[in-house]
Amino acid sequence: MSTNDLGIVRRTIVRADAQAVARLSRFGVATVHEAMGRVGLMQPRLRPVYPGAHCCGTAVTVLLHPGDNWMLHVAAEQIRAGDVVVAACSSECEDGFFGDLLATSFRARGCLGLIIDGGVRDVRTLTEMGFPVFSRAISAKGTVKATLGSVNIPVVCAGALVNPGDVVLADDDGVVVIPADHAGAVADAARVREDGEVGKRARLAAGELGLDMYRMREALAQAGLKYLD
Amino acid sequence: MSTNDLGIVRRTIVRADAQAVARLSRFGVATVHEAMGRVGLMQPRLRPVYPGAHCCGTAVTVLLHPGDNWMLHVAAEQIRAGDVVVAACSSECEDGFFGDLLATSFRARGCLGLIIDGGVRDVRTLTEMGFPVFSRAISAKGTVKATLGSVNIPVVCAGALVNPGDVVLADDDGVVVIPADHAGAVADAARVREDGEVGKRARLAAGELGLDMYRMREALAQAGLKYLD
Amino acid sequence: MSTNDLGIVRRTIVRADAQAVARLSRFGVATVHEAMGRVGLMQPRLRPVYPGAHCCGTAVTVLLHPGDNWMLHVAAEQIRAGDVVVAACSSECEDGFFGDLLATSFRARGCLGLIIDGGVRDVRTLTEMGFPVFSRAISAKGTVKATLGSVNIPVVCAGALVNPGDVVLADDDGVVVIPADHAGAVADAARVREDGEVGKRARLAAGELGLDMYRMREALAQAGLKYLD
Amino acid sequence: MSTNDLGIVRRTIVRADAQAVARLSRFGVATVHEAMGRVGLMQPRLRPVYPGAHCCGTAVTVLLHPGDNWMLHVAAEQIRAGDVVVAACSSECEDGFFGDLLATSFRARGCLGLIIDGGVRDVRTLTEMGFPVFSRAISAKGTVKATLGSVNIPVVCAGALVNPGDVVLADDDGVVVIPADHAGAVADAARVREDGEVGKRARLAAGELGLDMYRMREALAQAGLKYLD
Amino acid sequence: MSTNDLGIVRRTIVRADAQAVARLSRFGVATVHEAMGRVGLMQPRLRPVYPGAHCCGTAVTVLLHPGDNWMLHVAAEQIRAGDVVVAACSSECEDGFFGDLLATSFRARGCLGLIIDGGVRDVRTLTEMGFPVFSRAISAKGTVKATLGSVNIPVVCAGALVNPGDVVLADDDGVVVIPADHAGAVADAARVREDGEVGKRARLAAGELGLDMYRMREALAQAGLKYLD
Amino acid sequence: MSTNDLGIVRRTIVRADAQAVARLSRFGVATVHEAMGRVGLMQPRLRPVYPGAHCCGTAVTVLLHPGDNWMLHVAAEQIRAGDVVVAACSSECEDGFFGDLLATSFRARGCLGLIIDGGVRDVRTLTEMGFPVFSRAISAKGTVKATLGSVNIPVVCAGALVNPGDVVLADDDGVVVIPADHAGAVADAARVREDGEVGKRARLAAGELGLDMYRMREALAQAGLKYLD
């Protein structure tokens, strides 16, 4: 973020390749996070507002201020089909920045979900709509529309850097950000990883130990592990 | 709270008008909170013990001490049909002050639910009973019956002032307190607000932007918002 | 814990009597906790990863280090049918130490569940498997396999001391530890307690007050409780 | 708080009797809190910004919104010599609402200190000025001036109800609120309590046990305490 | 903890060797914790109530209940010169269980300090007395004397198991527990460790890199570390 | 952060202009944060380990893993005179990653301070050395040296993005990051802001109200503020 990032809306952003997004959408967050080398994960305080919520799309980013959701209305206009809105806040705030009216508007614009490091409300309606939201809190506390933030600038959301156009994947395990440039490569790596797990799962289910399957015994002995009876 | 509020049970309290309570019960917490001018909300740490829990009634208030639920037994006698028990604690404590036996007793007295800035237990049974509880924690930790608190005095529960007889409305979005004197007026305001939202929802669903519907563009430009390509 | 407890795996542990474990498994955590005199409960930050999760078995204990799940693989080999793995961490960490592959392996060894003062992932699969896990967090963040901890030493998990072979009982209300030596006696006490509650529940449901049923009125008056109209 | 409390400044408030305030200022918070029957204490998250900070005065109350300190400027005009400003926030926020300029202004008006359930900044200068502030956080994060709150309405600050004109006493142990009407009586009770402690301290210092001085042995035995060798 | 540990005072405990305690008292907590193999540390939420607080002694343990400090009075009688009182609580509570009167009594009995997983008050007086206290909170909130806990049973305090008679060492870095049986051996190991650090400090001060002094370069290269210009 | 950022050390980084750093070092964090338009601030959980700690320098960044401080040793070699080390962690961890030996080494290399979103130890020695450290915790818990992180990659530390070479300014009010490219401009803006405050402080000290000095009365009236007597 720079000194002149406030009060800006970038209309033109480079979204990740649609095909790569589609491929990524088939994997779980844990798999993709591993495939990326264990980076890009948001903090686990972000949780789905209903079990089973899931989304994968390209990021339209928003920087909010505490108690103020004006920029979510500004962001709505920038949404294209396949986007996920990612909203950070300039300081920690659990107010309900988002509810069913904004969800209706976002969905009408083609938005696939919302990731917000803040609170949301109308969770019963969001659940009925099946509109996936990952938030740090649920709160009926409303917000004002008084202070400029920005749309489509780089933001830090729940500890992860998100650039506009990056891929955002969210499921029951959390939220991971894949830089737009790496979307295809990460999908490839996730595929390799998932393929590898199929055989492992079968062997473990048959009773084989990870100690043997991953050949850990020697390393454990070298590290000094002692077995006592 | 005053210096002589401990060890007191007020038997006679003025409950909010029943018809106003009935009208309020049809609205969501977020709507009512907005209708009140964004005051009266409890902190979002209070959560329903099962999804979909909902209650609306007149407050019987209780001041507990940490690790002690004696006053909940005293409160049971003061419950009338349509009441919701609101329990505050003299310091922060997540012990399980309330479980299925007290729920059975409260329900037998006509109680519609419990709001408690503490922990509760037997949540499986509470869920099966459909007895709505909003608490800050779930904990199997039992409590003692040794120290006097009070019943039906003004209490601060999860950051909100509650007077005996006030209306308490709770749903998935949180818990809001409506002063008994304002119950009717707030119901009116909530009705106006909800009616206004019907048309807005339809317009937003049709793709109209909040920017246009709420006529925000001029104010944003005056505030200095810049669009970049 | 002693100075030479790191890097140790005890293969021979004395598990609680199987029949006592079976008897304990029929009670709720709140009942058993009361029957033990209100000790042995883990802190309420441990929550089931899906509603209704429940397990009761003998503890295989694990001491992990932050960000490292190597010892869970070592522990798998020590599991016998009827065990529950209890994993503590040498400092507070919410990483995802455990996921569906380890769950598959644990289950193949006869493990009935996991209690972990850390994070887990793959919660959708864990839910589908019906493998009960009680954790302090859900996080997709993976871990490394680099540092020795220990298996089957006494551990402090979420504030409770657990010795290998102790009984661990977990349900929606939390997690309680019953020392192996006391398993039978605690089951007896829980039975007495539960039997006593049946009649009480019926009386409370019929409208009798706890004030009368528990004969509290005199003690309240002696303590100075005042009723005002 | 009622539905029409936002956007209001009450210019005329009834302050506690000055002599009673002067008497209360000589006691510690713990003593006064005990003298009041253990009510009226703010939550311990409020801490002095420098060790030894202390103040006692009559409350000018402020209701802020997250990220917005406009009402502190409005409050300045309402301050009279001997007042302490008590600032609550409509939701939890740790932004730096207050710094050295406002402290300079408040002091010029005769203000004796600030109690704020939010953050403050310029703590080095506040320390040099010796202007006592009790806050929930220290944060350099600035705030805007965009949304109306209120001045001199009843507020809930850090869990305690404060009416304008109440006495607020703060020291290293925390912050306690004494209702204006009770100021004299509480000062009397505090005096009695403190006088009683002088003799007790001497006896305890001489090695006498509290068990004997407070005659606890019989009650402990009746409760069932067992001594083992 | 077992089912019959409540309501017990053990008068006879085996304290760690006084000479070993004296030797341990000269080391810092971080050094001793390393010397023990990185176990036995309490959670870092326990902090000294004044900078520079330090104590080392043999543990008299106490199990409290939330909001109740009765057992601290019982514990006073069990203190011998050189003891440190270690107080755990059956659930999390930040009330002020301890203040200047108890400190006066404890000191008169020869107590060297208090470790408490709860709150304390009168911190200005404690500071003036130079009585070292390590607590999780400072709170003026008083407590009652109504419920039996125990004295000199094994307790879990801030995540660490403490047996009566163990050595407890506390300084600005935290609190560590050394089992009584290991006190001498740990003092030996701490001596070796501290001696080793003298030379290292000098070499690092002279500009030598840890990379070279600890010969890390090869291991880093093997792990795959890449240097880019 | 990208998929190939782990296990990397960048030796060549572009540091902010030394003269701009020198100019920035004369301002407080709150002033600079305002001068930047209220962005770039780390979360307030980072606190100085001793009162009055202050540093300003160019960032050498480090990405650590929980419980592992290996990369701090790698970072030492990359330090040049005038640098401040900024250490982020791949997940939240309060272990003591840093102590007096590393401080000695860092200082010998010309390092001016440490900003770490984790714990540190040996705080008494750090205080005696006058080595400024801003951390989220103090913990004696040691760490291992087993897992590769990276040095001099972009990191998110306590919610703020830091690029190697950026200016980091820390004092009692918190920590702010100034992008290297903006260092001069921000220093200019901070100068303007500070100059403006001198006159304001004098006027406020003389009793003038901010309401008048900032001409707020009209805006407040337009917003609907009502004064009641």
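Order as written gives the chain letters A, B, C, D, E and F; numbering starts at 1 within each chain.
Here is the rule we use: a contact is a pair of C-beta atoms (placed from the backbone, for glycine too) under 8 Å apart; a residue touches a chain by one contact, two chains touch by 3 or more.
Note that the structure is a prediction, hence the values are computed from the model and not measured.
Annotation: the chain B:chain D pair of sequence copies touches via predominantly the same residues, more than half of the used numbers being shared.
Chain geometry summary: the mean Cα position of chain E and that of chain F are 31 Å apart. Centre-to-centre, using mean CA coordinates, chain C is 41 Å away from chain D.
For chain B, the set of residues that touch two or more other chains comprises 38, 41, 90-92, 94, 139, 141, 147. Interchain contacts give a graph that is no line, ring or star and is not complete, per the touch definition above. In this structure, the chains touch in the following pairs: A-B, A-C, A-D, A-F, B-C, B-D, B-E, C-E, C-F, D-E, D-F, E-F. Those residues of chain A lying in contact with chain D across their complex are 65-68, 90-95, 139, 141, 144, 146-147. Residues of chain F that touch chain A in their complex: 1-6, 35-41, 43, 90-92, 154, 156, 159-161, 179, 181-182, 185-186, 189. Against chain F, in their complex, chain D makes its touches with residues 7-12, 50, 70, 73-74, 76-77, 94, 96, 99-102, 104-105, 107-109, 119, 121-124, 137-142, 145, 147-148. Within the complex formed with chain A, the chain B residues making contact are 28-30, 33-34, 38, 41, 44, 47, 51-52, 171-174, 176, 197, 200-201, 204-207, 209-211, 214, 216, 220, 223-229.
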